[in-house]
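Shared between the two complexes below is subunit A, which pairs with subunit B and subunit C, respectively.
And then the complex of A and B:
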């Protein structure tokens, strides 16, 4: 049952990602990106990381996707019209080298994963009593660790986030008339 | 991990082929997400330190900040060039 749901979520993730890549219509691509992000959050739940799943939904679906839709609506009116003309050409010839690079890299990664045998790695077989069980309460532990042993990266990332927000607001403001 | 690998390669393909900056950005987000999937999947075996999950959170925040800045840059580029095709933007300062 759980294995079936996991496989289903994985298939949904990969096929919707392919659809995003193959779709010429940007609005459909963004909404399929939505589906991909939700199924990735489902995969996080299967890795017993519910807090990360909630964060994924809140940040990506709530923040990034709305931002992308905003930028799309503000910027690409004529891009949409241009895309409507050549909608039936899914894989043109100029995309062939990129497709070859992507497939070759996929083969390399799959080969590496099968040679690795992730279930028989030493540090995983040794961590039997360090593995999450489904009845554990993970959020408490994450909160305590975030405020004790990961405090320095936490502060660094908060400063970086503030810098990014100020920079984005500075970039997106109206241009003054002096240039 | 196979899902993460195929997601990463889809992102790579998108980054290389697309003629729209927003689609390139979605491709980059796919690649970041593939990395985060691996972090979370192996973070399952780290119960006491939560290394994988905490750094997955950091990576999500980083991706969100990066996409916010990139979208602001895209808006600016559109205002100046009236296009968001990266192949057509050929000057840095006019």
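And then the complex of A and C:
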């Protein structure tokens, strides 16, 4: 049964992601992206990362996705139609760089998969006696790790977010005097 | 296999509860509004109009499902389902009694905040799918409001979580009564673990949590799009907001979502601030009122009663206060509630470190 749910989530993730990439209707693609994000959250739960799964929903569904939809609703219909226009050619020179990057990345991935021997990796064999159980509370673990081993990255991210906030406030501020 | 059958059974029970609560809630809302405005309310159908809601439901089920010609058909049809399911998912993690919780998860309160944010996607779906300017304006207003008010609500909840030191709703509930494993201090000084009752509730554990509760309550009104924060469906300006185009059973789903949201936010408030399933009666010497009134059945009764009181308070406010203007609404959120909520969180940290 668990395996069935896992396979189902996997199929939903892949097909919805494909729909997002292939769809001509941008707004529908964004709503389909919601399905993708949701099923990825489900896959995180299977990896016993319940906190990450819920954070994914809070940040991506509650934040990023809503922001994307807002930009659609505030932009005019003509802009959207221009964006949705698509030349019916499978290959053009414009797409060459993207195609090259995609092929190169695929080669790297395939190479990595063939060279990896997942059963004999050192950190996997070492960690076999040190695993999480589904009932374990991961939140305290995350908190302690954030405040000890990963304090510097955590602080760096907080400063980055602060900069983004100040930048947004500066952009949104009313210009005084010169209107 | 039994495990899965039980899960389905629990889901069906919760859905039945939500549906029953909505029928009751609509009737109560009409009667309360009638009382406040010095009217009689529904009186024709059944004794004191008690069958009015069932008549309305029958009417709604019979109605034709009209889809506007220019609407995005798939999004239009799916939106009410997404809106309702988002709220309904939240009920999965709420504890009802000391040994009764549909899904016991370690990150309960965080989960509820997450699934409630899905509702905004559903509302945007409805607004965009209807292809109607009132619906779109209503959806944008509604989402702007929900996203803004999530911040003070979230920080008010975090200030409780910092005192309780857990995200697990069942654990938070247990800490607020005689079943608690740790010591409880009334306002941080008087130990009340033995007495329990109303004195042990989180709202009285630290004075700033009273402020946090008020912030949460105001923000929860806005999150469920209730007056005085009902600018998304302001009848005088926007017809009916994001659900203008909906008819029949789809409209019923939107309505169901609104009423279950009211109960959900009230229940979350009760669990975090007002003692969850703990009894309000304290032990007084030999009269062990708290010991006598704690248990699974008592728990369900208490939590239901307390949530119902908050729901009635929401209705009372809706029919007493006039609607906010958009700028006043945002001013209240960003200039009053958010700084206050941040302050509450700061005090919570200090309180936990130095006073507990």
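As a working rule, the second predicted complex is superposed on the first by the 128 of 179 C-alpha atoms of A that agree within 3 Å, B and C clash if a C-alpha of one lies under 4 Å from a C-alpha of the other, contacts with A are read in each partner's own complex, and residues count from 1 in each chain.
Throughout what follows, a residue touches a chain if its C-beta (ideal position, glycine included) is under 8 Å from a C-beta of that chain, and two chains touch if they have at least 3 such contacts.
Worth saying up front: this structure is predicted, and the values here are computed from it rather than measured.
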Query raised in the report: Which holds for A:139: it touches subunit B only (first), subunit C only (second), both, or neither?
Result: second
Requested in this report: Counting touched residues of subunit A, say whether subunit B or subunit C comes out ahead.
Outcome: B
Requested in this report: Identify the partner contact of A:27: answer first if only subunit B is touched, second if only subunit C is, both if each is, neither if none is.
Outcome: second
Report task. Considering only the touch criterion stated at the top, classify A:35 as touching first (subunit B), second (subunit C), both, or neither. Result -> neither
Query raised in the report: Who does A:12 touch here: subunit B (first), subunit C (second), both, or neither?
Result: neither
Query raised in the report: When the two structures are overlaid on chain A, which partner does A:150 contact: first (subunit B), second (subunit C), both, or neither?
Result: first
Report task. Applying the touch criterion given at the start, work out whether A:57 contacts subunit B, subunit C, both or neither, answering first, second, both or neither. Result -> second
Query raised in the report: Shared contact residues on subunit A for subunit B and subunit C?
Result: 51, 55, 63, 70, 72, 138
**Report entry** subunit C residues within the subunit A interface of the complex
**Finding:** 4, 72, 74-75, 105-107, 110-111, 113-115, 117-118, 120-121, 124-125, 127-128, 136, 139-140, 143, 147, 150, 167-168
Report task. Using the touch definition up top, name the residues of subunit A that touch subunit C in the complex. Result -> 1, 27-28, 31, 34, 50-51, 54-55, 57-58, 61-63, 65-66, 69-70, 72-73, 137-139
Query raised in the report: How about subunit A: which of its residues touch subunit B in the complex?
Result: 10, 13-14, 17-18, 20-21, 26, 29-30, 33, 36-37, 40, 43-44, 47-49, 51-52, 55-56, 59-60, 63-64, 67-68, 70-72, 74-76, 78-79, 94-95, 97-99, 101-103, 105-106, 109-110, 113, 118, 123-124, 127, 130-132, 136, 138, 141-142, 145-146, 149-150, 153-154, 157, 160-161, 164-165, 167-169, 171-172, 175
**Report entry** Residues of subunit B that touch subunit A when the two form their complex
**Finding:** 1-3, 5-14, 16-17, 20, 22-23, 25-27, 29-30, 33, 36-37, 40-50, 52-58, 60-69, 71-76, 78-79, 82-85
